[in-house]
Amino acid sequence: MKKILNDPFDYVDEMLDGLCAAHPETYAQPETRVIARAGGAKQGKVGIVTGGGSGHLPVFTGYVGPGLLDAAAIGDVFASPTVEQMAGAMRHAHGGAGVLRLYGNYGGDVMNFDMAGEMLEMEDIQSTTVLLADDVASAPPNEAEKRRGVAGMVYAFKCAGAKAEAMADLAEVTRVAQKTADACRSIGMALTPCTVPQAGKPTFQIGDDEMEMGMGIHGEPGIWRDKLKPADAIADEMMDRLLTDMPLAKGDRASVMVNSLGATPPEELYIMYRRVKRAIENAGAAIVMPLVGRYATSMEMTGVTITLCKLDDELETLLKAPASCAFWSV
Amino acid sequence: MKKILNDPFDYVDEMLDGLCAAHPETYAQPETRVIARAGGAKQGKVGIVTGGGSGHLPVFTGYVGPGLLDAAAIGDVFASPTVEQMAGAMRHAHGGAGVLRLYGNYGGDVMNFDMAGEMLEMEDIQSTTVLLADDVASAPPNEAEKRRGVAGMVYAFKCAGAKAEAMADLAEVTRVAQKTADACRSIGMALTPCTVPQAGKPTFQIGDDEMEMGMGIHGEPGIWRDKLKPADAIADEMMDRLLTDMPLAKGDRASVMVNSLGATPPEELYIMYRRVKRAIENAGAAIVMPLVGRYATSMEMTGVTITLCKLDDELETLLKAPASCAFWSV
Amino acid sequence: MGGLTSESLCRGLPRICAALEACADELNTADGALGDGDLGVTMQRGARGVQGMLDSLPADVGMALLACAQAFVKISGSTYGTLLATGLMSAAKTCKGRGVVPWAEMSSLVGGAVTAMQHRGKGALGDKTVLDALDAVRAATAGLEASEKILTAATTAVDQVMDDFRGKPSRQGRARMFGDKSIGLDDPGMLALKRMLYALKED
Amino acid sequence: MGGLTSESLCRGLPRICAALEACADELNTADGALGDGDLGVTMQRGARGVQGMLDSLPADVGMALLACAQAFVKISGSTYGTLLATGLMSAAKTCKGRGVVPWAEMSSLVGGAVTAMQHRGKGALGDKTVLDALDAVRAATAGLEASEKILTAATTAVDQVMDDFRGKPSRQGRARMFGDKSIGLDDPGMLALKRMLYALKED
């Protein structure tokens, strides 16, 4: 395992210590494995919490910050946080106006966040849930509720975060989060795996000249595996699948994210972006605030995800509203 | 070669096309392989140009932007730009107040930038040079002028950029750039190589369980190669070597950058940062604006560089002045 | 006759905990073949949590079961821990305020747990999970009143259900991703339940 | 006697360009062993640039040499191209305004180029670079007035200097990093010069 770490079992806790030490003005760790805004919950504001496994920075923890999230519960690498940690995150996010749970559609996370929600109900903290399920490769459209949440969650964090920062109530913040989640479609492809520190071995095996289309961010099997194709062919196929699932028409506006899973450098993302832009413009749609970089990763995995987020005036305004965290500022 | 690209010979040009297409408000390509600020040169402001091989994003091109650089000349991956391109970058950076050439100490780049400077002299554009030579592993202190420039250049871009943005004259901007360059020390270590697209094979070979201390950003040989050590031991050795070269004393202030060479994820950088912080604080010094992330890379190389930048009031103010580009904003 | 009391829990739980310590590797391996390989760790950590609160186990059977549930959600976010806690909490609610719960109620407690766990995990019977094993236990123990008979019926039922499902594919959790590759393998969650039940049975 | 003119350049340069096309792989391989393997590409591209301007080569020998220099800095940022251009520009300055430059001046033109290239590249004689070869050419051709004699002396000198340096380590450019591993290998830059000189010599 070629990673820079100490004891694999300390990976997450040391990472969180370092994160808070490097950015004390942004992040605080009020209890183990719970990261909240350094300033504490804003009174009267709806709190937004997320959570999930580690190994996806900036997702999940990184997006805690003004105009974004209020707290995150952090599990081991690729493992769900505990119910206790989720409940803790919710308590620290609560500013008296309730809490939105906004996270990816993974069985364990759903189970635990639901249970945490029930616990918080007993403490009279009102909460709602919006699940991110943007990965079109993970289930067909008629089973869209089974889809996994991937990089599209960043758009939901951003728009819901902006709405909450504008002091909207829980129902409104929840509506915006759901609307953004519904407007997002993602697809990924991977070239090489990553290694979960505690496991010590790669998450999957793949040939030296192979790629897998549709692979998930933990190495979940995709749609096909074949010889590595040229960047333009990869971009075309990914855009085809996204636009089949959510067509864009003349006059539509959309943001697009070309996201590295970790090891793929920005140089390659920009090569992809040229072609992605062409596909969107060919559909007659206009690109708003494209995001090219590392927004949702799988540590050192090589690969790319593309996310489309269809915008109306409301979402566009929220997407462009100021926000900041250690990994991203708008 | 597991990279997402089309024809390897188009790698750089397609990358630059995508970069400008994604960030048209920041970057423009007024001539091939020259990236300048989208708005053009600011009249009366000293222009700062840089240049060097591709494959290091955000270095070099990425740092063109307000409060940072004015233009960059871009070579093939790990190869010097041509004299023509450097001269072009200087012309586009020139706002009537002269141009500072601020770049890494690599033989080919120096030769070409010198020649470009002579050409520009004939066009009555005044220019100066400051070389970045921060890599302590590349030569002993008594041959410091032979050292390579690595991630420390980001501090020089930032401080000189802020000074130029404040409309200081060429001599002053040059002085600040040199002062910052003198205040920086870096060291790197690598775990795996990267692949130059046109070459198609890794830049070096290294065992599955080995690391190399002091390796350069193109795979230039380092100080020692040994079995991979724990993160804390790596951080300690790197800090030892930096602090031996540039001691910090009680009351000193310094910024520190823990930089990924590309594939190493931020999780591992934060694990390193904990320990780096301890070393600086043990010396009695205070950390100002730590930078943890990907600031100067070698595409998909795995590894880390640490840079110390010792600050006085002047440099601290300049470091904290507003600046923005697609990869970083202060 | 007798029934479930704080004391009987204090006798039975250490045996379950010891069994979970002993079979941790086995469960990790089974889960490793179809998932992330952490089931043994989850159960071991949960068992240690339970062990740590035996001294202060409340006399109220409901509260005692609640304490067990909490031990499992504290230590891990893995599915099985949360589902087990969900089942225990369902039983805890039914038993709350009582010092003794007749053995005859066991089948219905298990049935209540299965319903709560189905709701929590959105899993269905037939998916080849611990739910199928628990439902078989519920059915096999219905109408029984003696603890020995209940245990014998329960262990027989679990063995039977594992035989029945071995040849079927997993349809839930991480194992679902393995599709037909899960055919021929035991569900790790059923195996964990089997180890716990046998721990109570053996003398 | 005669001397260097635009016409003699128009006769000699195509031969050099053809040789550089022919030895591109050889030079890439030699540079690959001690550097980034691009020397053949650099020379090939430069040669094509030179070839493309032969039709419009100025009669002024200085301006003709300047045009050759520019062809090399346009196409590549690699060391050798820039150094070659530096040397050519130094000669161009000396020849500016003249229609014919006597062969007897060749040695001193080469000497001037070596000085300019040393300054540009901060390299010293003895570093095992093209500078050593050029300096040997300068010395061997001093006092010679006939072009054939000059060429024979130059090629003999390059062969000799390559023999002399083969057993020494490279001390400049990328090859320096290879340290003692460069012992036994020819410097690619010397090899490129050798190929260019032989191209002029062979009939």
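Letters A, B, C and D name the chains as they come in the text, with residue numbers starting at 1 for each one.
Here is the rule we go by: a residue touches a chain if its C-beta (ideal position, glycine included) is under 8 Å from a C-beta of that chain, and two chains touch if they have at least 3 such contacts.
Model, not experiment: these values are computed from the prediction.
Trainee: Counting one step for each move to a touching chain, how far apart are chain B and chain C?
Mentor: Each step joins two touching chains, and the minimum needed here is 2.
Trainee: What whole-Å value do you get for the distance between chain C and chain D if each is reduced to the mean of its CA atoms?
Mentor: Comparing mean C-alpha positions, chain D is 82 Å from chain C.
Trainee: Centroid from C-alpha atoms only, then distance chain A to chain D, rounded to Å. What do you get?
Mentor: Comparing mean C-alpha positions, chain D is 57 Å from chain A.
Trainee: Centre to centre, by mean C-alpha position, how many angstrom separate chain A and chain C?
Mentor: From the centre of chain A to the centre of chain C is 34 Å.
Trainee: Going through chain A residue by residue, note those that touch at least 2 other chains and give them in order.
Mentor: none
Trainee: Which residues belonging to chain C are in contact with no fewer than two other chains?
Mentor: none
Trainee: Please give all chain pairs that are in touch with each other.
Mentor: Listed in label order, the chain pairs in contact are A-B, A-C, B-D.
Trainee: Under the stated contact criterion, what part of chain B meets chain D in this complex?
Mentor: 75-76, 78-85, 107-112, 114-115, 196, 199, 220-221
Trainee: Which residues of chain D touch chain B in their complex?
Mentor: So the residues of chain D touching chain B come out as 36-38, 73-79, 82-83, 85-86, 120-122, 172-173, 177.
Trainee: Using the touch rule from the top, collect the residues of chain A that touch chain B in their complex.
Mentor: Per the touch definition, chain A meets chain B at residues 2-6, 11, 14-19, 21-22, 54-55, 57-58, 62, 191-192, 208-209, 228, 230-232, 234, 262-274, 277, 290, 292-294, 297, 299-300, 302, 304, 327, 329.
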